[in-house]
Amino acid sequence: MHDIQPAAARRPEYVLPEAPPAAAGEVQRELSPWEKFWGNALARRLVVLAVLAIAWESYSRVVQNPLLFPTFTDTCVAFWRGMASGELPQRIANSLGVLAMGYGIGLAVAALLTTFAVTTRIGTDFLSTATAMLNPLPAIALLPLALLWFGLGTPSTLVVLLHSVIWPVALNTHSGFLSVSDTLRMAGQNYGLRGVRFIVLILVPAAFPSILTGMKIGWAFAWRTLIAAELVFGSNGGGGGLGWYIFENRNQMETANVFAGLLAVIIIGLLVESLVFRTVENATVRKWGMQR
Amino acid sequence: MQRDLPAAATPLLQVQGVTLQYRTGRHLVTATQRVSFEVHRGDRFVLLGPSGCGKSTLLKAVGGFMAPVEGQIRLDGREVRGAGPDRMMVFQEFDQLLPWKTVRQNVMFPLLASRRVARAEAAARAVKYIAKVGLDQFADLHPHMLSGGMKQRVAIARAMAMEPAMLLMDEPYAALDALTRRKMQRELLRLWDDTRFTALFVTHSIEEAIIVGTRILVLSPHPGRVRAELDSVTEGPGSPGFGALQARIEEMLFAPGQAAQEPVHA
Amino acid sequence: ETQEVRVAEQFGLVYLPLTVMRDRKLLEKRAAEAGLKDLQVKWSRFSGSAQMTDAILSGSLDFASGAYANFSVLWDKTHGAVKGVTQVGIGPVWLMSVDPRIKSIKDYGPKDRIALPAVKVSTQALILQMQAARDFGLDSYARLDANTVAMGHPDAVAMLSSGKTEVKSHFSAPPYQAMELKNGAHKVLDSYDVFGGPHGSSIVFAPVKFHDANPKTFKAFVQAYNDAIELINTRPAEAAEIYKRTSNDKESIEEIVRQLKDPQVVSFKMEPLNLTKISDFMYATKRLQAKPARWQDVFFPELQDYVKE
Amino acid sequence: MHDIQPAAARRPEYVLPEAPPAAAGEVQRELSPWEKFWGNALARRLVVLAVLAIAWESYSRVVQNPLLFPTFTDTCVAFWRGMASGELPQRIANSLGVLAMGYGIGLAVAALLTTFAVTTRIGTDFLSTATAMLNPLPAIALLPLALLWFGLGTPSTLVVLLHSVIWPVALNTHSGFLSVSDTLRMAGQNYGLRGVRFIVLILVPAAFPSILTGMKIGWAFAWRTLIAAELVFGSNGGGGGLGWYIFENRNQMETANVFAGLLAVIIIGLLVESLVFRTVENATVRKWGMQR
Amino acid sequence: MQRDLPAAATPLLQVQGVTLQYRTGRHLVTATQRVSFEVHRGDRFVLLGPSGCGKSTLLKAVGGFMAPVEGQIRLDGREVRGAGPDRMMVFQEFDQLLPWKTVRQNVMFPLLASRRVARAEAAARAVKYIAKVGLDQFADLHPHMLSGGMKQRVAIARAMAMEPAMLLMDEPYAALDALTRRKMQRELLRLWDDTRFTALFVTHSIEEAIIVGTRILVLSPHPGRVRAELDSVTEGPGSPGFGALQARIEEMLFAPGQAAQEPVHA
């Protein structure tokens, strides 16, 4: 039918002697300074931030309505004053305390729900039904119940916070669990892992990219909700949190302070993203090759 | 050398009229149909058959990952109801390693997870078996940094390190080059000499089946049914007995008119 | 002159003139008389005063309505770029309690909670502070702030009626205070006592820029508003019908008419009444940088025509 | 070293004749009626719903505070009345209109952002920085800008809605994209797919489980935010939506109507989950074997 | 039959001193070191080497999925800068099929995505090549319902259906049983007779290398360097020429002291 080596005759065969690998080490192309700069994620992020800040500054200068939309510099000054006076740090601390508690409990409840959902069939149905029903409900729907159960104060705020954290985390975690490949599942079962150990040792790390995303979303919505809840609930007893700081200043029309409060939210968001989530990502899903 | 095997009255594994099916949405795929065989203690039992005939599925059923829709699978007389560390499985897929663990941790994991041995012992075994599969240099890498064949070798090391009573291996050497493959086969036989485990081994290489197996089950194409159950030979490749058995199996598998010796190049 | 005027309405009997204006298209009529044919009036409703303020500042709204206290801050911060148009309803607000122990604000211990619409900044909170300043001295005006909690009126009514929660007092507003009185709560403080007589607390306000650019429209608004008050005062049954229809109130027409005729509930007059006491207090407690000496400083001159000395 | 067949002699070899497969068809175990019932997802879901309804009813009867927490039956009656009078359907229609628009635009913007993020490096940085900064911001931070740009009315509500939809969808989509295996990526590139075609034909289906989760979360938060925005913005022009309905009835202390409005949210949530998301799931990720 | 091949002056593919590295976090893994070879038009060029020596990595670099850190890869004289449908790749991994498409759609997809042919022609080709790999019955299933070997066959059908100028195949037959494997090899050679594509073929079976290849590049263990470049033989397996070449390569690959003929069973 056909011949094997049509053009082979032209080429000589050769055999090289066995040799240890050349001391290869690291071969690297030289990068131009621009490539070096651009290759640095931090540098690129700072560029993004600078562009956003400049956009803010220039737009606010165009609008010329400091009561509605103060300039970036005014906001920074207000932020600095608030920090220097110790008021802003105090408010931030108050809010972060509640936030951390709500977020922590929310993650725990979400973990319970998804554990229940992956171990029993009724749990799956409960989770998907409850999520479909409750997730779209606005916080005000929960307030009467929260007030009934816990009265005023932090516990009621926590209920509202939980409502923001649980569903996105549970949805992402559960969907991540469902996406774990059959091979990995079987490997886990093969070692005799069952129930919670199976979830913790196999499903959780295997679904970690999804879980992280859920945690990011839950975190952001916890913040949003906390600020909104503090606006509604006001301060009960203690000095009040960042939401209350924003509300008070809004009422006093100290718009620069309002934006300073929001700037605090932004800065905390950036810090948490870059210090917590990014570090976790680098130490887990990136290192494991589960995400690029 | 040891001829004194535990000659138990009942076979270790009894597969009796087992039909295995996959149901996904509208589709129903029958993987094997009324397959029966028995594996005795100390057997190195090979499943041989064409691609898609249900070898992996059978192995999964024995592993306890899948229940038969018909028939029964008994291990030690008791019906198999779930997976467990008494039957270590090497899967066919490359993604069977835990991506979040290094090679070493992957090998140690089943030992620790099944609470078989203490951490120190697990670490020692990991070192030993990683060396056996020739991956000492790569012990601290994560699986995504390994080549296909290296991943399979880690999976083999992981299963062997458990020193299980029963080893289920699904084409473990398929991704390996001739040299590495031969080395692995030798390691398996050496381990068998030491611990006399029972192995259920899937392969698509007739030669490998004869080298590795003591008993060979030949399956027909999709859906898999038993064609024959044969004894292997003791002689090595190249010997007349080996060649005869190889020819016999080839004839059995290769449909008539498609003789094995048909020259590939016209 | 603009083709479209955007007015914010609010809930409640206090804002009835605006409701009547809308329902009877009084503004459109007055505008037509002034030669502004086809003036479009766009009514909107807000639930929060901060949003209304934003709307005014962003030029999305021409006439806003709300608490004088909020307006004062806006006036102060904008250095008078926003001014009052007219006062809306006059009526008392009561601090109600179901705790028999509490007879006056001096009886509040550290654990007793008072619900009000917004802590520190609502009219109710200011009135409470004014009374506290009187009872405990100006420096201690904020003494009761720690007792207050923010809660919508309906929720507060429900809390008081359940009687089981820690919230046993509510600085209320019509019509909720009458409801609570009926349910067995008692009056702890009457705002009329704090002000030394009837007072307004909410007003309609507008940007000076709008006023200057649209004098005819502005004038038509003031006239229409006056027409609405006249309708209410002369034909209360008709006004009550409008109110019931537009607000889905459960009360009977007769009851609403009774409330409209009862100065202890609500009455209507455009001339600001005792409003400066609020801004004086806010100035005294450093929440305003400037203080209007007379109400004329913060209202548009058009209002002068409707002042019946 | 060792022998091949220690126990082989005991067993005979055998060869069976080649035979066509037995007409296997479907082999199936008979299920008990209970198993049949329990095997039906719809039945299980209805049980979950019934349990929740009973819990509501009995708790509300214990609490005995119809102003704060009406019974389930009262709520159903109010819901029925609202539906019959045509008011509730009208409000629902108003809200759903805005919701659909906001959701649609939100998905589109999220798609743009993630496209930008996977095609350019600066896009990645922009997306992660912007998400970290903006996602935690409460809606009130956007209102001044929205008012400045769009004035009162639907467009401003849309801005707030978008803020709720874009970030969770973009986060989930992007994380899904990053998790697509290198092999699939290379396969796609191999066929000459680049840029948008690569995203649409390879990344989107490969990341579909994540995208669906993001869409579910975005949908739920769009609802929540719409209700809240309607509460704050009130009604401008038209009759107002479901949120305004709830607010009005709350002011009127018609608590049963308030809960009827919330019940409408719940019912719509369940319908969307079971009719839209579940159908999509079954026709995609389940069928493709990407999720169990 | 055709001896008149396009005897182009420049080789189709030139790999010159190519070093390939993976960098992940702290780790730097050198996969191949200064590898050079040339593939002429119509060659069936085989890469042969032990597991982990960088065969897949080399193929990926030729496919344009990876850039060398040292050296150059030229296709038709131009440096390879990216992937493209002129070089169809069959990957080693089982997850290379698009899970959201059926077998048929998977085979049609590259044809449509690369805008090579119209839909009708794509459908016709899909039918033809799915039949060639023996999966007619399974054309409308999704990949997750296939066995490992079946998935690889779909990938082979998908690549062959493109009838590309250059075919890059990474151990395509590793998961196949002897019969299917031989059939596939025959199909490949038949297709080559028809279209005279150029193939770069990774295998770990020396026998397969000789059967399928016209020229064989032998690589040393990790990190991969060139050991030898040999011509294949025309004779079929069993012939003396075939045996001699096989022995020669085995000797080259199997380190001294580990002779190929060492009996596996002591």
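First chain written, first letter: the chains are A, B, C, D and E, and each begins at residue 1.
As a convention for this text, a contact is a pair of C-beta atoms (placed from the backbone, for glycine too) under 8 Å apart; a residue touches a chain by one contact, two chains touch by 3 or more.
Keep in mind it's a predicted model, so treat the numbers as computed, not measured.
J.: With contacts counted as C-beta pairs, which pair of chains has the highest total?
T.: Chains joined by the most C-beta contact pairs: A-D.
J.: Roughly how many whole angstrom separate the Cα centroids of subunit B and subunit C?
T.: Once rounded, the distance between the two centres reads 83 Å.
J.: What is the distance, in whole Å, between the centres of subunit A and subunit B, each centre taken as the mean of its C-alpha atoms?
T.: 43
J.: Two or more other chains touching the same residue: where does that happen in subunit A?
T.: As it turns out, subunit A has residues touching two or more other chains at 1-2, 4, 65, 68, 144, 147-148, 250, 287, 289-290.
J.: At which residue positions does subunit E touch at least two other chains?
T.: 24, 93, 95, 142, 144-145, 189, 234, 265
J.: Multi-chain contacts in subunit C: which residues touch at least two other chains?
T.: 50, 54, 57-58, 155, 158-159
J.: Mind giving me all the chain pairs that touch?
T.: Result of the pairwise touch check is A-B, A-C, A-D, A-E, B-D, B-E, C-D, D-E.
J.: Which stretch or stretches of subunit E touch subunit D in the complex?
T.: Within the complex, subunit E touches subunit D at residues 60, 63-65, 82-85, 87-89, 91, 93, 95-96, 98-100, 109-110, 113-114, 142-145, 265-266.
J.: Give every residue of subunit C touching subunit A within the complex, in rising order.
T.: Listed in rising order, the residues are 50, 53-54, 57-58, 70, 73-74, 76-78, 113, 118-121, 146, 148-150, 155, 158-159, 165-167, 287.
J.: Would you tell me which residues of subunit A are touching subunit C in their complex?
T.: Answer in residue numbers: 65, 67-68, 143-144, 147-148, 151-152, 232-237, 247-248, 250-253.
J.: What part of subunit D is in contact with subunit E in the complex they form?
T.: Residues 1-2, 4, 181, 183-184, 186-193, 197, 201-202, 205-206, 208, 284, 287-290 of subunit D touch subunit E in their complex.
J.: For a test of understanding, state which residues of subunit B touch subunit D in their complex under the given definition.
T.: Residues in contact with subunit D: 1-3, 5, 7, 19, 21, 24-25, 28, 30, 33-34, 38, 40-43, 69-70, 189-190, 192-193, 214-215, 220, 223, 225-234, 252.
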